[in-house]
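Two complexes follow with chain A in common, the first pairing it with chain B and the second with chain C.
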Partner chain A sequence: MRNSSWASMFRSPFVVIVSLVTLWFVATFLVFPNANLLISTFLPQGQFSFRAIDKLVSSERAMNSLWHSFALAATLAVTVNVVGIFIVLVTDYFKIRGARMLWLGYATTLIYGGIVLAAGYNFIYGRYGFVTNAVRNWFPEIDPNWFSGYFAVVVVMTLATTTNHMLFLGSSLAKIDYQTIEAARNMGASTMSILWRIVLPALRPMIFAVTVLTFLTGLGALTAPLVLGGTDFQTIAPMILTFSKSTGSRDLAALLAVILGLATIVLLAMMNRVEKSGVYFSVAKVATPLQKQRIPNRFANAAVHVAAYVLFVVYATPVLLIVLFSFLQSSAILTGSITWGDFTLDNYATVFGTPAVLRPFVVSVVYSALASAIVVGGMLFVSRVLQKHRNPVTTMLEYLLHIPWILPTILIALALVMTFDRPNAMVGGQVLTGTTSLLLIAYVIVKVPFTLRLLKAAFASVPESLEDAARILGAGSMFTLRKVLVPLILPTAAAITALNFNSLLDDYDAAVFLYHPLYQPLGVAIKASTEGENNVDSMSITFVYTVLLMIIMGFTMYLVYGRGGSSTRRRKRRAGTVTVK
Partner chain B sequence: MIRFENVEVSFGEKIAIPDLNLEIEQGEFFTLLGPSGCGKTTALRTLAGFIEPSRGEIYIDGKVATRLPSEKRSVGMVFQNYALFPSMSVRENIAFGLRVRKTRKAETALLVDEIAAQVELTSEQLAKNVSELSGGQQQRVAIARALVLKPRILLLDEPLSNLDAKLRVQLREQLKNLQRELGITTVYVTHDQEEALTMSDRIAVFNHGVVEQVGTPEEIYNRSGTEFVCTFVGAMNRLSGDVVHQLRQRGGTGLAAAKTSYLRLEKVSLHAPTGATAAIRLDGVVAGRSYHGSHSTYTIDSHGSSIRALVPEGGGCPLEPGSAAQLYIDPSSVLQY
Partner chain C sequence: MNKRTLTATLAAVLLGTLALTSCSSTAGEASSSGDSSGTLIVYTNSNSDGRGEWVTAKAAEAGMKIEIVGLGGADLANRIVAEKNNPVGDVVFGLNNMFFETLKSEDAVSAYTPEWSGDVDKSAGDAKDGAFWPLVEQAIVTVYDTNTVTGADAPTQVSDLWEDAAYDGRYEVNTSLGQATPQLVLAGLLAPYADKKGDLGISDAGWKQVQDYYKHGSPAVEGTDLYARLTRDEVDYGVLPSSGITSRDAEYATKTGVISPKDGVPYVTEQIAVINGTPRQGQAEKFIDWFGSADVQGEFAAEFASFPVNEKARAQALPEVVALIESLPKQDIDWSLTRERISEWVEKTELEYLP
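On to the complex of A and B.
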């Protein structure tokens, strides 16, 4: 990265244009809406007021939601760690038979999550779910709402949130220097002692980081409490959604969103502090790759195997059932009894043959594709400018562009709704609330930090000498960008586009606040299908949507990680190291 | 041809080059030599136009070039890591500069083929991706890419440092021959003294951003202007006060007692020179011997100094550690600072 004065930075028309557009974007969509949210909460009539706080304290539902959210976050911090660490250990650390298959089962939450996962569990274990109906055929006295409330939310979110462990903790485990384990064994340490004294302490910073992420996920949970929480277990995010629907309680929604935002900022600051205190994976100059450990105690080994496979069944069953149910007649799902004659392709025919049914899918694909392309295209220029010119102006701009990272999506969405519900000079005097563009803008906003960070890292990884070489050969900055730099970072840009596309495809958090009634996205359609009793047909349609989403997401994940991963495996195999994934 | 006049280069508070004054002649192979962090690459990058000096001027062909963009200086550069564009083929890499200048396709192809032949790249290699080439071949591509635009000055930033020893020696000669053939003014940066001594017409030795000495390789080696140059270039014996005292007593009256004294290894003989000579004999004991194939290096303890001497292979019977030895030193070979 180079230092440059901002006077020299503005010599280039390219930099000037990019900077001005970025400043406008930051001011209009990142700073102004959130400042407006704070003002409307604490300065409703131009004067500081505690009215919103008073309303919050006197609202039993709101106070309950706050308590529920923190309780959920704290519970998840424990349950997700227990399950997540166990998963990482059985797939990456211990020698477990069929570890690769187990990993695939646990990884199913990589290709379906959020509203899709909550709806899937609801359709299987919920009041009208297949399993509930099947069991009630034999035991009619069982409460049909058994899978609801705190318990159901914790179970679903625990299973859904272990992806962070699989991705980040798994990667940290792989970085542990195997020689430290060999040294401990050489000094007589047992397998368990090595795990407790060497391995887990080395993973402590990452465990802390994923715990914070889990806590934040629990705190801001929207879809699981909404779909499975029932009337008794509502958390902050669904309350924000409820309160934001009425003008009279919007200040309460805003205050809850601010509390959520503050909690997020505090926790992320804590995480940052811990990260800065350093990680200690390996101090070796030549680290040795980790090799899988055998569990010497026969009974312990059998117990771990059994637990691993039970967990595999828990993870894989919903996915298999969703695929199976997508080929079943609705009546069979409802009654809980299946015969060969119930299998049909009608659900797929309905989705692909009825434009109105296919529409949410198309809407989500178009929104996700547009937002992913816009954010990557835009951040390509922004990250280039930020990476090349380092001065107070660019540093400030970079910090501001990270605002969406520290604010929950629902807060951003609410701020946008409340800011652009009247003509606004910063967007040419237009009203954006209720238009199709506001959801697109929100999608672009929430993807800015992730995209910027990875693209900037990609630019930084290009040796400076390549640019110098192009420059000395007479190439201008645009020509160098187009012909030298972009081809080099194109694979990264494509991967970021794919990941952004994936994560937006089944979004509910932003969509529920910002969608246009005529262009209902998939997340909203799936949520609607979980409501009421007459949802049998929409249940089948949702199963088809889910299968299609899983195919798209699975394919994208394979394109982004799979092919690179397989070449890494080949390289590692050649080097004679042991790998599982 | 090239002149640095009172050039100061600073990075924020840190001054990398305080006051550089240097002249490089037309067609000269000029080397900037020094240890890591001495400012030699900074000087080269300033000449290339990548760094703007905080003070002073740079002249190229008598014209001020200090603030001239690098692409307008008519300089070609070969980078330490070659900086080849990995998304392009060898041919596209070499043709990059021509493409920027919108040279016609037919002419571009002709010029690329010409320069490729000069640096001994085959047509098959031209079609390959740069990542498919060996280090030595990549280096040739980098040279070809720099030379195809026919620059007036060629800048080379440690271009051989990533190659193995044998290839380095081979390419060293080829590079020097190519430079001689083209007659192009070349500024070469290296920390390798052997490279500097074998390739250069003249050398500037850098230390902490300051040029300690400018001279031909012979001047730098045999008449090192400063203690730093003397110790940095080639291997040296540092003589103790007692050794200097002995030499002074036995005829080396020109030697000053208070100065620090050095003696090159090859200036120490373990055998009495034949014929008339000013060599002075000192007695010592063999402390060790290391074998290098073409020669051996003996370490002799004498009068408080461990003096090393080079003995060519076949230059007498090997002396065993612990045995007595005689050293013959010509006082005029002693360098004092």
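On to the complex of A and C.
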């Protein structure tokens, strides 16, 4: 699989073309604009200044926030894996009563996030939350601020970021060969040791990939610390946001972002190394679909059931509350005293009463769908080439493709505006600033690293023997890719597309600088209708939009996963038949 | 290589290039710049609460086709500066004088003297070059709810809030220094302490004020309105622009009292200007002449409780708005120093003084 010889790489026109297109894309849209911006930020008068470093090092607040971000990322890398693997095992591996319902509860984090998610948890457990109030009725001595700071941020973000585990670990788990498990059982292995020695090792490529994602989410944490962190636990992202919006302080923003980015790249390099060693693959040659395992120990079985249902309640309550809150007046929500008289349809009337309310939805759906299809389509080829041919050029390309992870979206957007405001030879002499295309390009760019990571992990878990078989039978590389490999990673690709689509739907950071005046996207429209000095109902309006977004995102997930586990099972069976043939 | 592989390869290549370049081909026809007719693109941060729709409708009645692009103040200013080599917008209004000074220094707006220039106080805009012109005035005030705090308990000086231990943690401080209002609060705090020899043009005593202000305050909670915090007794005082008071009193059943210090409160003036390099210069000027006129500003004031700079339009402003503004003296702020230094002040505060 690891073919580092140059000759073989250039023998295939497919590889050559993919490499050239990728090179062009990386140079034009990733390196050139951002290098432009960074050079003008760090070298304003043509010489490097240590101003940014000095300022940051001498600021206690910046150092604390930076440390908090790292602490959060490291903690999440552990906690999210624990919770994430638990929910995947509960829904897909063990025999648990009501697993389908549990899955739906855990999947709620797929359809909402950001400020609304943090606010949702705050309304339940925060200082004025009803759980806090109820508990304080019994135990008045409890601190009303118990749910704040590091602890609260970790809890909320852990629950919120298990999304990747659910989708990607779930589909990797489905690919494990059941015969290995049966064999182990026949040899007398216990449930625990099968899990520990066979199942988890087989999931390692995907666990690494989602751990990198989790770490990154932790580093970039913005809203959860703002809402729940209190004064003791603020992270670096809000500071980066403030600084990147001011021309004079942009060097500080860039420096902070680069520090976070480098940490991610170091982690990535470590994971790549482990992935390369590749000794742990125990993937099916003849895949028998996985069967759910019973937990033999009665006590353990009960404990797992209880834990699963407690988690379910914790996951599902905020979503129900948000739907409920969208029918309430803001003052009732915020002051925390809700009576029957506070229920109203006014919030929905306000949203739907705005002229042309549907237009931003359409614009954003089109942009998000195009961008997620393009990025997954393109990265399918790229990740294949990167994974198949390992040499200095492809390694460098791979790292360059992660640039969007290093820089905050705001800086990427600004760099694009300033680079393409004049005819540029790299894009055929066109001016892109002020056109509808620039936002699409930005959306594609920001989704490249996420898509690449997960697709690469998906390719890595495909057994090499399948490809060998195809080659021996005379299939060309394109044919093998199309007929053998793509069907196998299709579930992952579909999940990535859906996730990209959902996350782009209410984007604000890129849109704000890039959107074409006549095509206002949803994120900007939401911001416009919730901000404003006289707009006291902003929280309720946000909830209404969230409910509407949940419907769209829920529908997207239904298209991908819906029609029940049946289609997944069918897909599994089909994958099995391909192998048998 | 067999034929099938070749076709597949070709298809892949097509798909790949299509995917990566189709972006640029979808653009062409939708490009907004370059033609001198067509819809006028109006950039503003003052489009919320139905203002954008109101302006669009009224402009249509006056025979102008406009499209409002509404963004927050700092974002909007950044966008205009980033686009200055190939402007997308034609007119910008609603940003305060600080942002407009930045736009002017970046050559992002061009000078034009509107027909109504004689009806406004020139010193409220860009008196020297006439690059931007004033529309609406706002006071940045410290408020409290008279239902819970009696006027006698309220401090007479804003600085009492952090100098008197009785108010410790009972006033809200907004820490989102990227936004306009917190920046103005900072400018107001530092204005009396201008000192050429001090750090960033401010004496040590001034920086001490900033430090104490944030140290003894209660940081604003993301997503929670100041008035929600006032009514549930989390804080007693907080800052907001004067135009937000009326609607909040109605929503939260509060009765707002305003601290009126002897030295005055910071005032900001929202401005209007032509964006430099627009192909629709004529239309843009026509829009400015129309929007800033006494009639339109008067109607706008009556509809949205604003306080117009246009003296002829003030007759139509709401009486309670006029009364409030006239009761609040203007703080003396050196705006040219503020504009020059504000981003450094924000940076220093963000790095050293925020909680």
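Rule of thumb we're sticking to: the second predicted complex is superposed on the first by the 297 of 581 C-alpha atoms of A that agree within 3 Å, B and C clash if a C-alpha of one lies under 4 Å from a C-alpha of the other, contacts with A are read in each partner's own complex, and residues count from 1 in each chain.
We take it that a contact is a pair of C-beta atoms (placed from the backbone, for glycine too) under 8 Å apart; a residue touches a chain by one contact, two chains touch by 3 or more.
None of these values were measured; they are calculated from a predicted model.
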Task: May I ask you to decide whether A:487 touches chain B, chain C, both, or neither, giving the answer as first, second, both or neither?
output: first
- prompt: For A:381, is the partner it touches chain B (first), chain C (second), both, or none of the two (neither)?
  reply: second
Query: Just chain B (first), just chain C (second), both, or neither: which does A:470 touch?
result: first
Which superposed partner A:479 touches (first chain B, second chain C, both, neither): both
Query: When the two structures are laid over each other on chain A, which of chain B and chain C touches more residues of chain A?
result: C
- prompt: Of the partners chain B and chain C, which touch A:522 in the superposed model: first, second, both, neither?
  reply: neither
- prompt: For chain A, what residues appear in both contact lists, the one with chain B and the one with chain C?
  reply: 479
- line: Listed in rising order, the residues of chain A that touch chain C in the complex are 13-14, 17-18, 21, 24-25, 55-56, 58-62, 115, 118-119, 128, 223, 226-227, 231, 238-239, 241-243, 245-249, 252, 330-331, 334-336, 354-355, 374, 377-378, 381, 414, 417-418, 421-422, 427-428, 430-438, 440-441, 444, 476-479, 482, 512-513, 516-520, 524, 527-529, 531-539, 542
- prompt: Where on chain C does chain A make contact in their complex?
  reply: 1-2, 4-5, 8-9, 12-13, 15-17, 19-28, 30-33, 39, 41, 47-49, 52-53, 67, 69-72, 74-75, 78-79, 81-89, 176-178, 219, 221-225, 227-228, 231-232, 240-241, 243-244, 246-248, 251-252, 304, 343-344, 346-347, 350-352, 354-355
- prompt: Can you name the residues of chain A that touch chain B in the complex?
  reply: 3, 463, 465-466, 468-475, 479, 483-484, 487-488
Task: Under the touch definition given earlier, write down the residues of chain B that touch chain A in their complex.
output: 12, 45, 48-50, 69-71, 75-77, 79-81, 83-88, 96-97, 100-101, 145, 149
